[in-house]
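Every chain is named by a letter (A, B, C, D and E) in the order it is written, and numbering of its residues begins at 1.
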Amino acid sequence: GGGSLGNAEGDDGATGSTDTVTVGLAVPQSGVYAGLGEDMTQGFELYLEQADNKLSGYDIEVVSADTGEGPQTAIPAVSRLIQQEQADVVTGIVSSATALGLRDTFVQAEIPLIIANAGADDITAEPSPYIWRTSYTNSEVSGAIGKHVAEEVGDGSVYLIAADYAAGQEHVNGFKEQFEAAGGKVAGETFTPFGSTSDWQPYLSKIRSSGASAVFAFYAGSEAANFVQQYSTFGLAEEAQLYGNGFIVEGDVLQAQGEAALGIQTSLNYSPTIDSEVNNKFVEAYVAAYDEVPTVYAMQSYDAAAAIEAALEAADSVDGPGIAAALSEVGEFENSPRGSWSFNENHDPDQNYYLREVQEVDGKLSNVVLREIQD
Amino acid sequence: MSATNTLSGLTADQPGTTKLFNTGAPRPAFRLFVAVVILLILVALPFFLAPYPLSLAGRALAFGLLVVSVDLLTGVMGMPSLGQVAYFGAGAYTAGLVGIHLSSSGLVQLLIGTLAGAALALLTGAVAVRTAGIVFLMITLAIGELAHIGVDSLSVVGASNGLAGIPPVSVLPGGEPLTVPGYLYWWVLAVFVIGFCAAVILNRSPLGRSMRGVRDGELRLRALGQNTYSVKLIAYTIAGGVAGAAGTAWVAQTQFISPGDLGFDMAAFALLSVVLGGAGSLWGPVIGAGLVIFVRDWLGGYIEGRGTLLLGVVFVIAVYVLPRGVAGIKGRSLRRKSSDS
Amino acid sequence: MNAHQLLEVEDLAAGYAGSRVLDGVSLTVGSGEAVALLGRNGAGKTTLIETVMGMVTAMDGHVRIDGKDVTAKPPHVVSQAGVGIVPQGRRVFAPLTVEENLEIALRKRSGDWTIERVYDLMPRLRERRTNLGSQLSGGEQQMLAIGRALLGSPKLMLLDEPSDGLAPKVVEQVGEIILDLTDTGMAILIVEQNLHLAFTVSDRLAIMRKGEIVHESSVVDFRRDEQLAHSLLGVG
Amino acid sequence: MLAWFDANTATILNGLALGAVLFLIAVGLSLVFGTMDVLNLAHGAVSLMGAYVGVAMYGAAPTTGMFFLAMAIAAAVGFAAGGVLATMVSPVRNHLRQALLTLGMALIVAELLQEVFGPEVRSVPVPEFLSSTVSLMGNPYPVYRLAMVAAGIVVAVVLYIVLERTRAGAIVRATVADRAMVEAIGIRTKVVLALVFGGGAALAAVGGLLAAPILGAQPGLDDQILLLALVIVVIGGLGSLRGALLGALVVGQVQTIGVSVVNEFASFLLFAALAAVLLFRPQGLLPARKGAHV
Amino acid sequence: MTTTDTSILDIRDLTLSFGSLTAVDRVTLRVDEGARHALIGPNGAGKSTLFGVLAGRLRATSGQIFFNGQDVTALSEAERARNGLVRTFQHSSLFLGMSVLDNVGLAVERSTSQPKRPWPSRRRDRAVTDAAMTHLESVGLLSRPSALCGALSHGERRQVEVAMVLACEPRMVLFDEPTAGMSVAETNRFAEIVESLPRKVTVVVVEHDLDIVFRLAERVSVLAAGKLIADGTPEEIRTNDAVQEAYLGTSSNEALFGAAS
């Protein structure tokens, strides 16, 4: 019903009854990132189930949208959540391009967006009351391991390799900054075509001839799987220790890599092996519900639900501006599986990072936490 | 005949029966009437559609204009192209950049975007139109992909993250920005109508007839003394301009453009929309474009993650149910009528 | 005339999407008999030939080959029932060599015709055996099309303007070939614009106009009546 | 120069291996196009089916028997898929509508595969008896990739003999030129079509299976494979067996040596190579032989 | 009679080889302006190939072609056509997806070398239509101007082919077996058309229908195995032994009708 000639959108958005809050869940359900989308959906739903589908007394109606592989499919899907389904708050969003493309839309529509994965630095570079993030920024998550690598390689040098797209650049630059600040030397740097590289042998040859004693790599998804396998097949694993941020060995990718992944060290804001009471309970419940170990994607989405609950708690009015305003007052999240965190002034999480290593535990590969990384 | 069949590669063998001569056109008054009715319906959409479906309609129109440009090459000239996304992208990115840095006027953006599309088409077309059939298809694929990869690694336009922060368009320089969805839609519709009319005029012109001559027998056309290279290049440039105009409309609607918008998917869906609608007819492919957007973005939104599956099913069914595309439906009934008289 | 009918066409109707070209055509050709099918351009001769062959689908009526009903059957069934065709426009396989064109048409079980025999009949083909079909002159293509049809050792041959594009000398040869073939008991239905050839080889003729057969008689009778010929064919 | 070769032997060899497996996949596409005049856009999807056969059948590194069984099954699955596609495509004569049909099928198949095998990337292990490495210039090089080169050579030789030297091959080529006329000389073209299509698809599936240990198996791979195969077939010359072979070798080297030499332009290389070849030889490097009459 | 001044086409030592096969072998020939010239010869003699070279579709291996006093050997097919040298095709090559009228329309328009207008103009298009209709009328196809060429019978297509050549308003036409596939009535009509062409149009025709050859031609050249073996008046050719041997066979010219016993 209704036309589209009203003055501003959203003001006729009387959201039905006041005790129901509509949450838009925008995750990929098709395409290459569908696996991430599934994890995020599960994390979010687990939180709701544990809260009996009521957050701070409000009934929660979840409307999901398939964002597909990129902004082409994501933008109409998310527009639907805002305009058609009249979501009060939206979470999800895997791809940075999608987040950047939709940023203005959310600000104009005055609907808060809680990003539960996309990591581009630019999304929150200029904070908006409507844009929040429970995940990380690319440069931070990669920078976290910089100092550790510099210490490990000592006089040796490190080769940097990453997929050639915006995120790959941010990850590499983030790492390089921290690494060089800690006195590390870079042996060389290569960006490989994103989405169309399947054979890394030429690059591996280059790495070998550069004489690097370690490698920092940023890949995710299938590229991560193929890269790590070929890294081992061509014998580099024995010559140069492989570092990265967590995504190179996260989720399903790790099982696909198999033994080739053993020994890879990564930094991330989460690992299911974190030994805390909150996390153990989370992992247990997650395994019981879905018969698999939670991933960082599931955790970030779980925490997005937590953020929504906290905001509803603090909100004066349950609509876009109300929830957005409340989000800046939520304070510390003490009960997160990743450990305690809070939103910083950019609306990104102020959180701990962990140094993890791929080890075999009870016959299964797992990212075992070596230690918390201190700045 | 058999020999040419194998050599011609991809060609449309179900050309539309667009009449060139006013004398031969069946009931021009009736056609005009139908066109006016459809236009009125399109104009009236904002009065009863909510903002979201209306934004889809806007996207469908912009995409539809891209499809028209593909159809000019594929259906009218018999040269199936996957490269129009490059000129679409040229139009969209220039319009976006103009919007951010120069002027939020839609007219200015339309003008510059169209020129950008046409200019790029002229440059690349000079090479591409020397080929035909599947080789042309692959050259244009290469053009589209190179453009895609190009913007993907060009940081001034946001590289893979896309170009964000484009302000809403106004019609005239310094005018009121069109933030109301209905007004924005009308702007997109206006661009579409301009582009579509240009295509119709081209199709009925002597150049249009020569384009169909290229489709049905380029060698023969040359034997008649026509310079087919210039026919093809001019047509290619005009189609590039139409695609550029479509790009400006797209950016006006979405206020965002990313490399994926000129990716292989977009190129393939544009070409398939032409086939779905009936290559050679101009209005059929527009409906095909609408169908693709509707199925993927609208229906797909309701059945989670099955948009592409559904699209696949639609394609397969259409091949059998609509052997001449959407345009064939009307063509058939018209033919029956004219044979009665 | 032979009582044994190899081709029986009965009340046949056929055409193309939207238009009916043939309407109620009936025709028979007996074993050892050659029938000429004449008519002006667009009369429907090719359509009739192709409908018999199954290349155009019959809408109504019947086609029987040697007593077997093949109405609306696909061409390979009709071919296997013993029909060979030299189509209008020759339609030799352009990307195949002359020899390959003949090889694939050779039906193994029949001993009658061999590639060598075809070459003996048309030596020009032997000279150009390694040329591609697309590289042959028009006349050479016509010879190849005839040779190809013969290698199926058909009982009934459908010839659609076999003299089209042939030099007079070759037309004469073709005429002799056809006469030889009828002598062996083959039935022949021939569409021709070259009346010399048509009259030389055939016993009977049928004349089509606008999808119907408007006249049938023996060739001898027809040639006596110049008036009739003029009104039907515009000659005389 | 010699030193350069020494340093890059592994890369060149790798280009050969990649070329060989790409040839296996692309030749089916070329065959079906060249012989049936159908551009089968579901080719990548069929190839992905082959890869998933590996996923379904192999646990850890498969035994020799298991490996060959998987090949047979992939071939059978591919053949069946090709047969189905052939039947569906046979009443559709227009190239563009064939594209619509086969791409529609590709979307459906890909979606169903994702339904069954999940959206995540699945890796496929190298068979046990080929899992060792040999030493090449002092560095380890996987035997499996050498085996792929061998497989490519065998398939190329067999196909050449069948297509160019047998009556069956001639029938196939004639069917492209004029299907109705082939029918008219008594040959069931539907069967020919199904066999060729099935054969091409079987090769694609086996190629997908053999490539799986390198490319993996996951949604979206079908598009990549299809694009690569298209580029190869066009670079080499449509419908030509030798063309597919040469095209695959060129693309193999472009993807290895090329990207390592001009790394900054790695992502442009494939399509730049395509454009360059087509500019100078629009008919491809080794087009199918044909001749047009005056 | 054949002086350089009056000849519109002057072929010198023209040769074209396909690999080892010399399809046109050192042909030297002059055609006078306004001539009615026939070219005959056995199948595969090289007649169509010669036409191909003259029209510019094929490139001569050696030799020269002068048209209207100008060396056109290096000109493209389109340029020669614009100069007024037009051919028909042995295998008809029409624009099958376009209407009969549009086919002829394309030919009417051929004379301009400037790029085509991308917008229609009622007045000028009307002129094109009228011209096209006139030519259709002269070949007897007036009844179906809007039929698609793809839906015409073989013979009907040959008629369109002729209409298209006429529409080009050529100075010289090369007809390659124009009456092949035409019925007797249509063949007659074709002969009448040629006879009614203004004398400034030069006609060269390749034909196997000798009735047509002897009815139309004032001069006949005979090509065999790529070489010109005879050249003369129809009477001379008819009685030439070499021609009999290579081409005519025993072809008796008995009357078709009334002669049956």
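Going forward, a residue touches a chain if its C-beta (ideal position, glycine included) is under 8 Å from a C-beta of that chain, and two chains touch if they have at least 3 such contacts.
Just so you know, these numbers come straight off a predicted model, no measurement behind them.
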{"item": "Set of chains whose contacts include both chain C and chain B", "value": "D, E"}
{"item": "Any chain that touches chain E and chain D", "value": "B, C"}
{"item": "Identity of the chain that, by mean CA position, is farthest from chain E", "value": "A"}
{"item": "Most distant chain from chain B, judged by the mean position of its C-alpha atoms", "value": "C"}
{"item": "Selected interface, A-D versus C-D, where C-beta contact pairs are more numerous", "value": "A-D"}
{"item": "Computed distance of Cα centres, chain E from chain A, in Å", "value": "75"}
{"item": "Interchain centroid distance [CA atoms averaged], chain B/chain E, Å", "value": "42"}
{"item": "Gap in Å, rounded to a whole number, between the CA centres of chain E and chain C", "value": "28"}
{"item": "Distance from the mean Cα position of chain D to that of chain B, given in whole angstrom", "value": "32"}
{"item": "Where chain E touches two or more other chains at once, by residue number", "value": "48, 57, 90-91"}
{"item": "Multi-partner residues of chain D (each touching 2 or more other chains)", "value": "111, 176-178, 181, 267, 290, 292-293"}
{"item": "For chain A, residues contacting two or more additional chains", "value": "30, 34, 37, 69, 164, 193-194"}
{"item": "Parts of chain A lying in touch with chain D, wherever the complex brings them together", "value": "30-35, 37-38, 69, 164, 190-199, 201-203, 205-206, 208-209, 221-222, 225-226, 229-230, 233-235, 251-253, 256-258"}
{"item": "Touching residues on chain A, where the partner in the complex is chain B", "value": "1-9, 28-30, 34, 37, 64-66, 68-73, 75-77, 79-80, 82-84, 96-97, 100-105, 108, 120, 122, 164-167, 169, 193-194"}
{"item": "Residues of chain B touching chain D in the complex", "value": "2-7, 9-14, 74, 80, 127, 130-131, 134-135, 138-139, 141-143, 145-146, 149-150, 152-153, 264, 268, 271-272, 274-276, 279, 306, 308-309, 311-316, 318-320, 323"}
{"item": "Footprint of chain C on chain D - complex, ascending", "value": "167, 170-171, 173-174, 176-178, 180-189, 288-293"}
{"item": "Of chain D, residues touching chain B in the complex", "value": "33, 37, 39, 88, 91-97, 99-101, 103-108, 110-112, 176-178, 181, 223, 227, 230-231, 234, 238, 267-268, 271-272, 274-275, 278-279, 282-284, 290, 292-293"}
